[in-house]
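Each structure below is given as structure tokens.
Below, chain A partners chain B and then partners chain C, in two separate complexes.
Right, the complex of A and B next:
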């Protein structure tokens, strides 16, 4: 079996001392975490290690000895061998380094006193080949901060046994309390690890951490008030239809996650919080940019001034369309009476609607000015408001679509039922199937008459239905595009991408090994570096789940609904509650 | 260290370099032929002559500048993402296998497969275009279920060496894997 020793790069030039680390269970490998220097008292070392063991839940032991001889310290070898009796181990490692050479010399003493060599046999004969040793150098700080993907939480019980590398990463990450003692501490022990030159910290980060707790508590209280207010509003039916309310409700949920005073326990929770916070900041920044563009040169008043003429223009176009339908559209011959009825009905609606717009026109500029200010809550908010304005302005198209669809649907329903009567069959509701039925003569007479009437009125109704469905689909498409972009801004994991670009070692997909130069008589030295996660995997893994607008039906189902005349709501939003 | 005359499946000459780092660690490097200057010149001249012809008819200088930008961008994309300079296979007994591809611009793309996920290294046959080729691949298993092969990772995909080269690499790898089975 090959013995693998993970050795931190920071200890390459450390003075002689004891190696402290952890034996990985199940694999023949050891992780060296720090070096304790002479002079030390063995009792204190044991006490310190047992204290740390209870703090970190990592089984820390003395692995062996490290010797980097300087001038005047030649008598170390025998001293080092005696140490193995003080710290009884199954395996005692003796790593040493000579000045001027780059490779380490490693000797492993097992419990029964047998000495294992690392020397390579020149002829490679199997009988005398002892166990081999690999020394893997790693950057302690990077491995401590890094997170291997796919993420498996430490406390989580899983069936998959963690692999050797994952255990190494977990060990180093969990041993953080070991790295708190630096060389300026006046303790009984002197350690060398990545932080032994002095603990790194930043005043601003510490101040922010201290200030964040009361701020979070205050904001959580504010949010609970806002949530109560929203609950009251939810009573109104219209609030679930307006995308602005949906977006604000969604943001409230986000804030609850971000501003909760509880510290994030797992890596995924922390990333989720950070992503939401950063994307919210970006949202606000983009919204403020939009405001500065809109309100410069009084663009918003110009926009308000063009709004009423545009609405008038749309009404005029619809009127012309209806008059075209009332004549002979595309050369088709319509049923004159039904045509006139439907046409006049819709024309009256348009007349009502345009007079309503004219009533509102003096207030439009003020309203739009204040509504435009709401963009300071974020670009997503502004886009939701735009979507709602479009929905309100095209409300008459929606109404026409509903009327046309209902009429068409009734017609189709009536036609199918009377067609069954025509053939002498009936729909059995109990059995949910078509059964034969004997009708009376007068039933048959009236049924056939009605069937004929409905059939000949079908083209007119179908044409109105077709025209208004197409208009409705155009509006729905536009709203869908807006919702998709809102969704994109909501779910984009900006913090994770930033981490991947600026600190790529934090999100690790795996490791890379490089063979360091060989010197004869030394074991194999490898350099372990972190292989960062690909950007596409980062986006997929850390995407914030949103109330994404998926098309509710497949294409086939949508076509069927259109044919039958059912009302379509193609962009159904996923909500938490099952409606 | 060994270097012999090998070719890839299209007949271009490649080189194989085996380095034995230790008794259980070996590194194999397959180097593809470099980017040929003649091809680059031919493509560039073709694109620019075409741009000149279009300019002659339309009298619009944006055609020329866009042709230049297109050529530069295309060349950069080609050497950064497409053209592989050499591929290496580093096998470390009891630790795992590392595959890396080095692109012509210096970019390196590496994956490391741990020993417990590695079932075996074999030579497979595949139907490729209008013929049958041999390729070396790693069989991956799930540590929880050691008998089933979950996926197959082909090696030396850009250089595509022929069977004689693959057999040499295969024999070397099997010597190491046999010790740690």
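Right, the complex of A and C next:
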């Protein structure tokens, strides 16, 4: 049987006294949390420990005694041995140090009086398991602040038995109230633990903590007003289409999380709050940078001046494209009459669009100036506004795409149905299959005529559909890139990465052991160091869930939709409900 | 498998063809009565040569119908025929055919009322007339060779899928293929009225004529061979005025089809070897029509 004792490094040089800690249930190990020094009254020690037990929910007990030899304190050893009778234990640990030696000497007395020693059996019998003791040193402050991954909350009921390491971490983290009293305090008990090395405090941090609660309450009230306003806006259908509205709604939800007056209960909640707050600050900073760049040297008016000519250029290019389609594009033979009809129809649309743009041109600069100011709300806002502007400017392409797709879809549907008529079959809706059918003479006749007409007009419609679909896909791709970058800014866990780089011990993946001292006559001494989480795991674990733009259909489904002529909306946005 | 093979000596008990009893015979015992119930060719019909020739007339006349149609189209394309004249002739033929149909089917109960017939013809006429300008421009951009090839394939499909056994409601695929081919050809004609005329001819020849022929076969059996011969002659003559070699080929084909193929069929009957036995599916022999009334 191997007995593991976790010993804090800060107590290596502590004066003699009692070891206070916790036996890990189910595993043969103990965690030493603090050392109580002389003089003490055993009754007070017991009272203090029971008080702490109710506060921390950790079963704190006196584990044993610790003796550090000093001048003027001879006879301490016998006194320490007698203490085992005062504090009844199953196992009583007796750790002691000698001057000049690195290792500790450890003796364990069990309840039945048997002595366990760390020495090997005298008779040299290899087969019997020698009772071994391993002393594992740990940095108490780091272990207290660290969080073991994958995260399992303390109050959570989980099927998996927490491992020994997890129990050790949990014990140290939960014993925080133990570390309030120190050996420098004027109290009945004098303890040594990590705080004895020096207490750190910061006035500013304390002031901020005090001030944050009323600020949070005020901001929550503001947010509720804003949320009510957004509800009203949501009635408008268009608000779900404009990405700016979506982004603002999303940020509102974020703020609600961050500014709620309730303190974060679990580690994950705290990390999420911190991540959202930090990424929001970064967003604002980038936005202000953008504003300072935009509004310098009158760039806004330059931008406005180039906007109308660009829109005109797009219209002219579209017109030329249509003229090309109305001729004989790429040598393809089109049906002249249908060609002319479709071409003229689309040309008229472009003409309407250009006149609309020209009507708006005097106001563009003013509008842009105010819209540019919205970048102070964050870079994500500026990008969303850009995406919306692009959508508005290419609205005519969207219209053409819808017309072309609908015409093509109708044609394909009609053709497939009439092809079945051609063969003398029909679609059985009840059985969802193709059945034979005896048609009437006039049905056959009209069906064949329509089939012929649709078949010969197919190349023309297909070409128009192809051209406009390609244009639409280009626009959609551009918008998709913008959305992806917005999404990235929203979901990047900056705070977690910062913690990982600056304070790597806070996010622990596991531990590694280093051998400190292996002398005969002393137990094995190991140093436990925290293994920080990998950066990729940090990113994956702490990613803020967003309305991530992901393609709604797989490639195969998308191609099929394109072929049949269904309208495609390639980027789907998850609503909050599915988060 | 020969007869009585195997080492088993026949016991006093005769062998029975059952599996649910243990018999004192080995597993591979072959009895004397093996394959007693085998029958050969019990349902082979003996064809009479001239009867088969008579039936083949239907196929021959269908081929000639296609030839007649192609002749008409060719004349209209060359401009020798005035569309309005052809249209009047078509109308006359249609009325004549309808009258004949009514006379021949006098005792039969009508499936469709006269009103329904009138409705069908109105729909057809209106539709075709309305769509003929569209139909005319359909194949403008397609090359002539493609159009001819498509029509040829479609008319061939029509001939192949024609329901020779039951031609009265014309089969979907055959009629549609014929109409598709005729639309392809009609769109090559110079004017919209030409297109309309061509389509009317197509409906007459491919949709209405088989119905009339079937009625004639049912009611006046003697008239069928004369009608078939008339159509074949018209086809050959029409083709001959355009392309004499083609007419010769058509004549040869028709003769082969009508005279040589039945000979082959009758000659090959003696190689028939169908076997029937107790393993066939059960056939109901009694007359079940008493359940129908």
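Everything below uses one rule, namely that the second predicted complex is superposed on the first by the 561 of 579 C-alpha atoms of A that agree within 3 Å, B and C clash if a C-alpha of one lies under 4 Å from a C-alpha of the other, contacts with A are read in each partner's own complex, and residues count from 1 in each chain.
The rule we apply is simple: contacts are C-beta pairs under 8 Å (C-beta built on N, C-alpha and C of every residue); 3 or more make two chains touch, one makes a residue touch a chain.
It should be emphasised that the depicted structure is a prediction, and the values quoted were computed from it without experimental measurement.
Student: So, A:333: does it touch chain B (first), chain C (second), both, or neither?
Tutor: A:333: touches chain C, not chain B.
Student: Touch test for A:297: chain B only (first), chain C only (second), both, or neither?
Tutor: After superposing on A, A:297 lies clear of both chain B and chain C.
Student: A:453 contacts which: chain B (first), chain C (second), both, neither?
Tutor: second
Student: State which residues of chain A lie in both footprints, the one left by chain B and the one left by chain C.
Tutor: The answer is that chain A has no such residue.
Student: State the interface residues of chain A toward chain B in the complex, per the touch definition above.
Tutor: These residues of chain A touch chain B: 1-2, 4, 28, 120-121, 124, 129, 132, 134, 136, 159-161, 163-165, 510-513, 515, 518, 523-524, 526, 531.
Student: Which chain C residues qualify as touching chain A in the complex?
Tutor: 120, 123-124, 127-128, 131, 134-135, 137-142, 169-173, 175-176, 179-180, 183-184, 203, 207
Student: Enumerate the contact residues on chain B facing chain A in the complex.
Tutor: Going by the criterion above, the answer is residues 21-25, 27, 90, 92-95, 98, 100, 110-112, 114, 116-117, 143-144, 180.
Student: Which residues of chain A touch chain C once you look at their complex with the stated criterion?
Tutor: Contacts found on chain A: 333-337, 421-424, 438-442, 444-449, 451-453, 456-457.
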